[in-house]
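Next, two complexes with chain A in common: one pairs it with chain B, the other with chain C.
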Partner chain A sequence: MAPTPRDRLAASVRYLGPKLVQFAFVIWATYTVTFLLIHFLPGDPVLAALSLKGGDATTTDPAELAALRAQYGLDGSLWQQYVGHFVSALRGDLGVSIATGQPVADMVARALPNTAAVAVLALVLGVVTAVVITFLAFVSPWRWLRQTLLQIPPLGAATPAFLSGLVLVSVFSFGLGWFPSSGSRSPLGVVLPAITLALPVGAIFFQVFSAAVLDARKGPYVFTAVAKSLGTGTIFLRHVLRNSLLPSVTILGLLIGYLAGGTAVVETVFSRDGIGRITVDAVLARDTNVIQGVVLVVALVYSVVNLLVDLSYGLIDPRTRLALVGRRAGSARVAAARDTAVVES
Partner chain B sequence: MTRPDTGDALLRVTDLHIDYDTRSGITRAVRGVGFTVAPGAIVAVVGESGSGKSTISQALVRRLPDGGRIVSGSISFDGRDLVTMPDRALRRIRGADIGFVPQDPSNSLNPLMKVGEQIAESLRLHRGLNRADAAAAAVRILDEVGIPDAASRAGQYPHKLSGGMRQRVLIGVAWSCSPRLVIADEPTSALDVTVQRHVLDRLETLARDQGTAVILVTHDLAIAADRADQILVMQAGRIVEQGTPADVLGAPSHPYTRELVAAAPGLTSGRLAPRPASAQGDAYAAAARSRLTLAFRASATATSVPDILAVDDLTKTYSLRQPAGGAKTLTAVDAVSFAVPRGSTFAIVGESGSGKTTTARIAARIVTPDSGRIRFDGQDISSVAGEELRQLRRRIQVVYQNPFGSLDPTMSVERLVDEPLRAFKVGNRSQRARCGSCSPPCASTPPSWTAGPRSSPAGSASASPSRGRWHSAPSCWFWTSPCRPWTCRCRSRSCNCSWTCRWSSA
Partner chain C sequence: MSRSTAPSSRWVAAPVAALATVGLLTACSTPLASAEDTVIFAIKEDPTCLDPQQTSMTTALNIGRQVVDSLTDQDAETGEIVPWLAESFETNDDLTAFTFTLRDDVTFSDDTPLTATVVKANFDALAALGPAASLASQYLAGYDSTVVTDDATLTVNFSTPNAQFLQGTSTMTLGLVAEASAAATAEERCQSVIGSGPFVYDSYVPNDSVVIVKRAGYDWASTLREHSGEALVSTIEFPIITENGVRTGGLDSGEFDIIQDLPYADEARFDTDDFNLYAKANTGVPNSLIPNTSRPIVSDEAVRQAMLLGTDREEIKTLTGATNSEPPTSALTSSTTGFVSQADAMEYDPDAAMALLEDAGWIEGADGIREKDGVKLSVSVTAFYAQDVLETVQMQLAKIGIDLQLNMVTAGDFFGVIASGDYDFLGAALTRTDPDALRVLFSQAASSHWAIVDDAELEGVLAEQAITADAEARAALVEQGQALIIDKAYLIPTLETTQLHASVANVHGVAFDSASRIVLYDVRIAE
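Right after this comes the complex of A and B.
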């Protein structure tokens, strides 16, 4: 029985609907929690900004203060601000930075590519290294070599980014002069920060991935493959890799979320512009509009990534794949449970 | 027919020793095994779990689990020694001339690869076929092993196939390159009895048609008797007896073989007889038992209700969620009624999916039925809840099917046994400790009370928690296929154990 286009559409909606609702909920909840946290912190951000400019003894005209508040969108009741900010955020307007006077959306748009370059490169380096080390451990005929290889990556997780960053800078910038030590002007400047970030990211990914691979190594389907005399490399690439990616993809989603917001240390060490830097500056200056905008953007990135991760399960694992993609509607599980005898005979 | 020491043997194993290096020292799994397999012969290797029969089958493809190694001896296949052969040469033989049918069909296929491709892979490697030819040959092989509608099944993933069909796919993988020897390691242990026969028939037909020699590793003496030309009986890493089925089963000479033959349910018609138990040598256990027995008799005579358990019109449906097409309803139990007389053994028989386990779980109040009534000891327990239900748990006990999954692997056997006693606050700490280790009603001696259940063999693993439950004085037991994954000898011991428990409390 082939599903009609109408069936396919209905099934897609049923599958995607809850995930999209979840997606919208995460964005809204993040906005609400950040909004409440910022507004229940003691002190007034506009007054703080003024006193930062003019020193503690600055006297402020109440009318001028009210005008400033209106300019930054911080006037009106709490409720009005909550709804007002949300509506303008939906239109892509994240307000104006109190500290710099620039639109927050522009600041984020300028910083995001820098952070994204570092984060993506770090992710690729981390994942590729983890897969390669796991592969070597998998094909290793000696137990001692396997154990040694498995002990390497936890080092990456244990080394703090400011230490590994400084070591990399002193060796590869000051010593060998291969890469610039700081700034985001040169395209090569992305390499050292990415390596620094790849260490913890790759190590965490490695822990999950290698555990899955070594588990599979002792498992029955690998035994079947060995009994067929497939080469060790073929077994890894054709059989083990995809099976072990299933648990690892989940951790990948979490790591991308961490990278989207967690680059602050690396960007500070390497003096690069980026989301992390903006966040640190905004928190120090009590620039509430920027904080709010950055948190929203990071939440958006994180939710999109997790939505993609959810969808990728279907690509990797036929058991979770939409039944409408296959030829037979998903009645097989029921059939297998009930009608074994009928099929058998 | 195979005779030892003939010149034309296909496989000749000589004085094979295999050790496992474990944390607690070296385990000698196989100690000096020798046998020959003639071309086209079916040789059954029989023995209980831990006798080394699976280790031999894995050694024949030179793939032992971590820590296992062949210490000495030779495995000569077609005149070449598999033990000393370089890897490259071995890989030309394994999969092409030697096929392997593994034990567990549910996990032995790659879940992310279409079944046709899993056969085609082997054909491309050993036969050098191109992609299209290999795919077509795979469909032919699937058809040959008895998979209906092979062309469309070849494009499906293993999870869409039933256990029996998956095992047939694995048989197809093993036979894909027309091997001269196939090693089948307990190929049907995980399957239903009805399916077992079909799979074995298929295996035997392929072997007879193609003249393939088969080494059939099994714990089921009845299967060995039925299918094999020659039987090897193994115990503790040694072959204790070998010969034709008629010789081995008709006139077993070794005491272990005699025990195996006596325990095999298919071969002997004798019923299990209740056996009086005693608690000699332990005053506490004897006193506890007599108290329990007296209390039970008193309650039995006080009530005039003849049935301990009566279920009436039980119905249970499950709604299966599907990614497409919404929910589908599966009626697991459909208007079931029965009554169990006090002090009797009541059997519910059926194949997997027939609803027998669900019925037992409903009657034990573990699963809630959609409708129907359960009366236990004269009381309607269909809707008891909270503390009342908890107290009921003490009187209704369940022995589960899978001794490996049902025990918490992080708890010692002793703690597992006295956990129910702790839950119901029976006795004080030292009494409970004694109870955990008191002279057991089962004839098994645990290797170590403080070790986890993983280190015990399956038979004693399932017996141990039963013991604690028995001490908390139940009046009704449920056994949900408790003996299925075990060897015959363990089965009969465990059933005797249940009989003893019943006898002493009734």
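Right after this comes the complex of A and C.
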């Protein structure tokens, strides 16, 4: 019996409802934990901000410091501060940076496109390279070549971005002069940082993707396809690729989360403005409002991506869809698939 | 053909020769020009705040100097205060009133003229900014009012004598901004200010770059500069490059023309004909250990004396690679006005240092660290920079049996420690152009509260120099102060910090002002 539209709606709500609650919970919990962590950090944000500008003339007059604390909403009990900041954040007001005096929302809006440009390019480069190497390993007639190809990508994860970044700058900027060494003033400036980030990102993706592909290669449907004398390329694209998508999409979601906040080293080496850089600066300057704002935005990106990943399971794997409509136990299997992917990463 | 033109050539020759002479003369009268329009100057950190009145950060001031002019200028060699935006100035006998007469041709980049009212607005706004402009607050200590006599004349009045104010007017901290900037909030001013300088702010993208462009019609440079009129290049870009290796690599490859803060370790690599190096010692109090004598061990003069004699400043210089600097020989750096060497009283002598400790009852313990009545001779130093210098001192003091613990913190925590008074020694320098730096650091009445020293004589000398108008009498007091501080070992100087910058060889005209900040007004690129 075919499911009625009513059944479908109920199934969607059953599937989506808990996910949305989880989504809100993750963001609230991240916000709260960050708030507590910042406030248990030693050090005075107001003095840190003043010393940034004041240098060796920084005032330590208690009355002046107290006035500034009140101005930035850092007075009152922990609970009062938490409620005050949380209510403002809900209204979309992330406050003002104590160190620079700029609205936090402006700072994030300024930095996010720079980080996004590097992250997207890094992801594309990393994923494409991983797929190409996996394909080559898949079609390789010799075991030794396959094993060699499979051993290359872990190098990318093993080399620290700090080192690979400086090597790339030395060769391609200072040596060959193809790309600018720093900044986002030239559109080409995005290339070297993206390659630097693509190395670890591609390597992690490769680990999961190639394992899934080689696993799928042993599947009976591949045996059947070979018996039908389908071309290797067709087998890879039509049968193997689709079956290895589930863990791959999961790891992709995790990688996007990592890229949203984990670009600090690359942004420092290449002197680019971005989310990672302002986070590091903010932590060093105890700039609580900026840390809160950035963590909130990164948590949002991370949660949205993972929600999309969860939703995409239904599109990728028809079994998931059927399981949803049929019985609720289906989601358990999806979770199991995700766990496998995470372990393998 | 050549023959037929020959007769007329004599007639042509005279005017051509005359023209050529005029041409040559013209070339001579404009000796300064730049082959390129844009200079790329890589800076080492985000300036954070572009308003030179508020910030004390060297990086920000290196940019701010090009945009904001001051009432006076100070000759970096002689220390003499010379006219700039003020064509003349007068000080009353007890240093409570300073009268300035302004040039009448100066305008800000928003086309408003510089008048006495604008100067008053500047000082009044600075006084109101308070802790946001902490260095200015120190220069304006005791500020009472600015009285405008006419458009070009004003008098700044103080309730107490202020010996450092006149020198202060030569710094960017008391530089002048347009009335619109003076009226803006501290945060707005950090993003951009309107000055009367040879350049104006074009753009500032935090963590990325600052760009300044030439001000058309600029014609009021200080006489200390090489040329007059407009700046020689039309644009200066300041990309923010935090990685030392990328700054030096970019200078090497030609991507940057000038870089800020060449690491000392890279100095030898760039000390060739292909590059110019620019070095100048910071003024004020050198990098030092600054004592809190309310702590039991630190209050023991013998311990401080032993630390002073047991510190090998020559070796610190060598080990930290600061080959351009001089070992400090007083409580002021050699580039500061009023500096008098106390080298004899602080010469490296570990044997004398150990003898002092023995006499005071500090006997070497089993682990090499001295002790007295069961108390170990262990002190700590709290600092937020120059860890390599402190590590060298730590090693040297260990040789005479003193255990120095390093407590490296962030800048904010450093001032937190000052606020709570919870330290044995602070490890820092105090950068000021005026010898009044001694009072800021040592006077218990000063608002900064760095050194904690209970010495009525020193307090009296420092207070007296701050209200002495006569230059010679003041210099004598400053000398007395330095002698007292070294004699009682109230300061253990370690290193004179040097500003070290580098450029490619065809860049000319990079100069330092009296505060060791960079002036780019004369900068140009040769063919």
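We take it that the second predicted complex is superposed on the first by the 292 of 345 C-alpha atoms of A that agree within 3 Å, B and C clash if a C-alpha of one lies under 4 Å from a C-alpha of the other, contacts with A are read in each partner's own complex, and residues count from 1 in each chain.
By definition in this document, contacts are C-beta pairs under 8 Å (C-beta built on N, C-alpha and C of every residue); 3 or more make two chains touch, one makes a residue touch a chain.
Remember, predicted model here, so these are calculated numbers, not experimental data.
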Have a look at where A:Q151 lands relative to chain B and chain C in the superposition and call it first, second, both or neither.
-> neither
Which of the two partners, first being chain B and second being chain C, lies in contact with A:L47: first, second, both, or neither?
-> second
Taking the superposition as given, does A:S77 touch the first partner, chain B, the second, chain C, both, or neither?
-> neither
Would you mind listing the overlap between the chain B footprint and the chain C footprint on chain A?
-> none
Per the touch rule, the chain A residues reaching chain B in their complex are 3, 7, 11, 14-15, 143, 218-221, 223-231, 238-239, 242-243, 316-324, 326-341, 343-345
The answer for chain C against chain A in the complex is residues 46, 48-49, 54-58, 130-132, 134-135, 137-138, 186-187, 190-191, 205-209, 239-243, 245-246, 249-250, 252-253, 255, 410-416, 418-419, 428-431, 447-449
What does chain B use to touch chain A in their complex?
-> 61, 63, 65-66, 90-96, 99-100, 102-104, 107-113, 118, 121-122, 125-126, 148, 152, 155-157, 159-165, 170, 173-174, 192, 194-195, 198, 320, 322-326, 328, 330, 351-353
Using the touch definition up top, name the residues of chain A that touch chain C in the complex.
-> 42-45, 47-62, 64-65, 68, 96, 99-102, 107, 110-111, 166, 169-170, 173-175, 177, 180-185, 268-274, 277-278, 281, 284-286
